[in-house]
Amino acid sequence: MTQATRRTLLMTALALPALSRAHAADPVKIRIGWSTMPSHLVPAVYQARQAMRHYGRSYVVEPINFTASTPQITAMAANQVDIGAFAPTAMALAVINARLDMRVLADMLQDGVGNYRSQTLYVKADSPIRTPADLRGKRIGVNGIGSASYTAIVAMLRKVGLNERTDVTWVEVSFANQLPFIEDGKIDGTTIPLPMGTDLEKAGRYRALFTARDAMGPTQFTFFAARAQFLEANRAAVTDCIEDYTRVVRWMYDPANRAEALRIIGEVSRRPVDSLQYMLTEEDYYRDPFLIPNVEGVQSTIDVTHSLGFLPRRIQVAPQYVDLSFVMESKRRIEAGA
Amino acid sequence: MASALRPVWLYTPLLLLALLWEGISRAGVVSAYALPPLTNVLAAWWSLLVDPSFWPHVFASLGRGAAGLAIALVVGVVLGVSLAWSRAVNMLLGPVVQMFYPLPKSALIPLTIIWFGIGDESKIFLIFLGCLLPIATATYNGVRGVDRNLLWSAASLGAGRWSLIRDVAFMGAVPDILAGLRTALAMTFVLLVSSELLISNEGLGFLIRSYGDGSQYPQMFACSMTVMAMGFAADQAFRRLAAWLLRWRG
Amino acid sequence: MSRLRPLLSLLPVLAVFAFWEGFARAGILSDFLLPRFSVVLQRIWEDFRDGLLLEAIGQTFYRAVAGFGLAALLGVSVGVAMAGSRAARWFFEPVVSVGFPTPKIAFLPIFMLWLGLGDASKVAIAALACFFIITTNTYLGAVGVDRHFLWAARSLGASRTAVLREVILPAATPQVLTGFQIALPIALITTLVGEMIMGGGGLGGLLLDSQRFADSVGLFAGIVEIAVLGTVLIRGLALLRRLLLHWHAEARPVTS
């Protein structure tokens, strides 16, 4: 059991007697799904609670780790998770296939904002592939057909006049295996995850061919989403939760706390701190200081995925499936207080 | 052979495989990312073993494995004996049980989420399901293989129905049940990893996934080595126990 | 009666499907969490009509059976060798003991790199998963052969190969077949998991797509398809066991 879950259990246990007395201030338990270590930050945030104001009073959190976005759809439909870390496609599928009344709640990671990180397709430094058009007839490794990186690569292929069905070969390789595969010459280009990608690029062994920003402009990579029903029923608790979360993210980005923040992230993600030096800098994906998501970025990814035939129908995200009132209220409180 | 050298001699085959691993990796036959040199894995393993935060993951996995295996043992033996003993049970339950055998555990996860949620119960259920087959099959075949003459003579001596099942059919099937349990024991270690791969907050499968995502391949293999070592130890202990239990066979 | 038996054994399965349909219609769970069986059946029919299903079943069947066959061949050989030869036992006993409980999934990338993403890597991983089970069971069966038989056969001047063929193998057959019965579903599961992790078609590939796109009807259709394929395989092997042991019993009319 991780320290976080143990603490959550402890908090829940402490809350139980209160519950039986039907106390007015019972903390709401919020189960937050997340998938990618360490960029999703979720478990690290709940190890840095000194910057929080409401934790344990109006709410407590149980972070739950999933392999990807889509298993969270099932968990959310079965009422096993309250807030999830969704990619735009997964949120559209939750609305269309699972008929969940979803809301974009808050930002987690944005791709290609300013000079910040954007998903990159790498080729070996000595590869004959110089431009995206050279990908004709090549083998591209992606973590999944229809995934966010696949969508961005297809957008680029179409931009340079290539057909993703006939002009390239797709090889499905999980993130963990992408490096062995390209090293071994089994694929010609792939999206090596952070920090390996940038490290190998700096070492001169790999070359960035293009980024998702080149293909699609800035997009919303991952964001928090929840069912409207849950948000309505727990408006006060969720607002406090978002406010606390925002405070911790801001605390982590404060240069004074950087060393401590990286130590915590290293501890929960079990990575050496040396390998995390890219985190919370421009080499990392962008995180909005007030967790305000890029709603157009959500829409543009959904539109491309839909045009590729991976969604049964298109959904219009704003205004029906967005609720920014939580991040706005949290922003107001933080600006008023600090 | 000197008795001090005996263990060395016994485990020489493993040493040869270890050397092969190191050689393949060092020679670059396979990318060091896919198969890091054994020495790097051992170094990573050591640093995990001395890290106190590693052990809660080990115990979390082991606890779920033990629970799943224990339930599978009880249910598997009862199921195997009933399937072999009663034609009605065989016809009613057999086909339904059979349907669930060949399903990969990850395909069942949506179902387990509905039935058990996403906590420990769903993982224990998946381990249980995987271990049930070897135990039930071995019990069933064992009971069916019990010498008819034994049953007839016991019955003619006035043994009741329960006594026949317990003292003759079950005891006669014990060697087979133990063989099935050994298979199930080994599978437990495979299953406790795979049951954690999709949804989990702790455990060795969780660690394998997070190290893999972080390209920390030596650590990832070190976690697999931990599972392997525990499985090996459990298998050795079980063989001693089985030999002791079966000592009456001579 | 005996001709009706296969039909009767379908009844419990039909009861499960009927219960599923009824439960889904009761509306306790959403259509996404538990789609109706009739809807799932319709999807299976559509996939069948498009030829998608038969192609996927063919791929998975071939990979699982090839992996199983390879493991059966190697596992029985190694198991018998371990029972008969001190050197083989010395080498394989610790290897099997370590290899059996190892999560083979850790070695998947190596298979993928060496054998590619097609059939070969999936057949190999299925074979690896079955090999240890079959080896262990064969070995247990072969060492369990009553020593009196062996002594009798040897004292009657039977050669090494004759003892193997006439005494050890027949006596070990029930245990070997138990090993097969445990290994075959594992071959199928490993093949499916391989397909779900590596892609490359088959029923596992269909399941992967359904999971990825939150297509719960497709997911349940896949579960039903696998259950049917698995039942056919398991039943086939059980039939084979009866045939083989039937012959076995006839060949040795007096057992005690």
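List of remarks:
Each chain gets a letter, A, B and C, in the order it is written, and its residues are counted from 1.
Here is the rule we use: contacts are C-beta pairs under 8 Å (C-beta built on N, C-alpha and C of every residue); 3 or more make two chains touch, one makes a residue touch a chain.
What you see is a predicted model; the values in this text were computed from it and never measured.
Taken chain by chain, the contacts link every pair, so each chain touches all the others. Taking the mean of all protein C-alpha atoms as the reference point, the chain centroid lying nearest to it belongs to B.
The chain with its Cα centroid farthest from the Cα centroid of chain A is C. Of all chain pairs, the one linked by the most C-beta contacts is B-C. Per-chain Cα centroids separate chain A from chain B by 36 Å.
In this assembly, the C-alpha centroid of chain B lies 16 Å from the C-alpha centroid of chain C.
Put simply, the C-alpha centre of chain A and that of chain C have 39 angstrom between them.
The multi-chain contact residues of chain B, meaning those touching 2 or more other chains, are 30-31, 34, 110, 114, 197, 220.
Within chain A, contacts with two or more other chains are made by residues 71, 74, 78, 174, 176-177, 180, 184. Of all residues in chain C, those that touch two or more other chains are 33, 109, 113, 216. On chain B, the positions that touch chain A within their shared complex are 30-31, 33-34, 53, 56, 60, 109-110, 113-114, 117-118, 197-202, 206-207, 209-216, 219-220. Against chain A, the residues of chain C that register as touching in their complex are 30-33, 109, 112-113, 116-117, 197-200, 209, 211-216. Of all residues in chain A, those touching chain B in their complex are 1-2, 4-5, 36-38, 63-67, 71, 74-75, 78, 80-81, 174-177, 179-180, 183-184, 193, 196, 267, 269-271, 275. Contact residues of chain C toward chain B in the complex are 5, 8-10, 12-13, 16, 29, 33-34, 90-95, 97-98, 100-106, 109-110, 113-114, 132-133, 136-137, 140, 144, 174-175, 177-178, 181-182, 185, 188-189, 192-193, 196, 204, 207, 216, 219, 222-223, 226-227, 229-231, 233-235, 255-256. The touching residues of chain A, when paired with chain C in their complex, are 68, 70-71, 73-74, 77-78, 90, 93-94, 97-99, 144-147, 171-174, 176-177, 180-181, 184, 186, 310.
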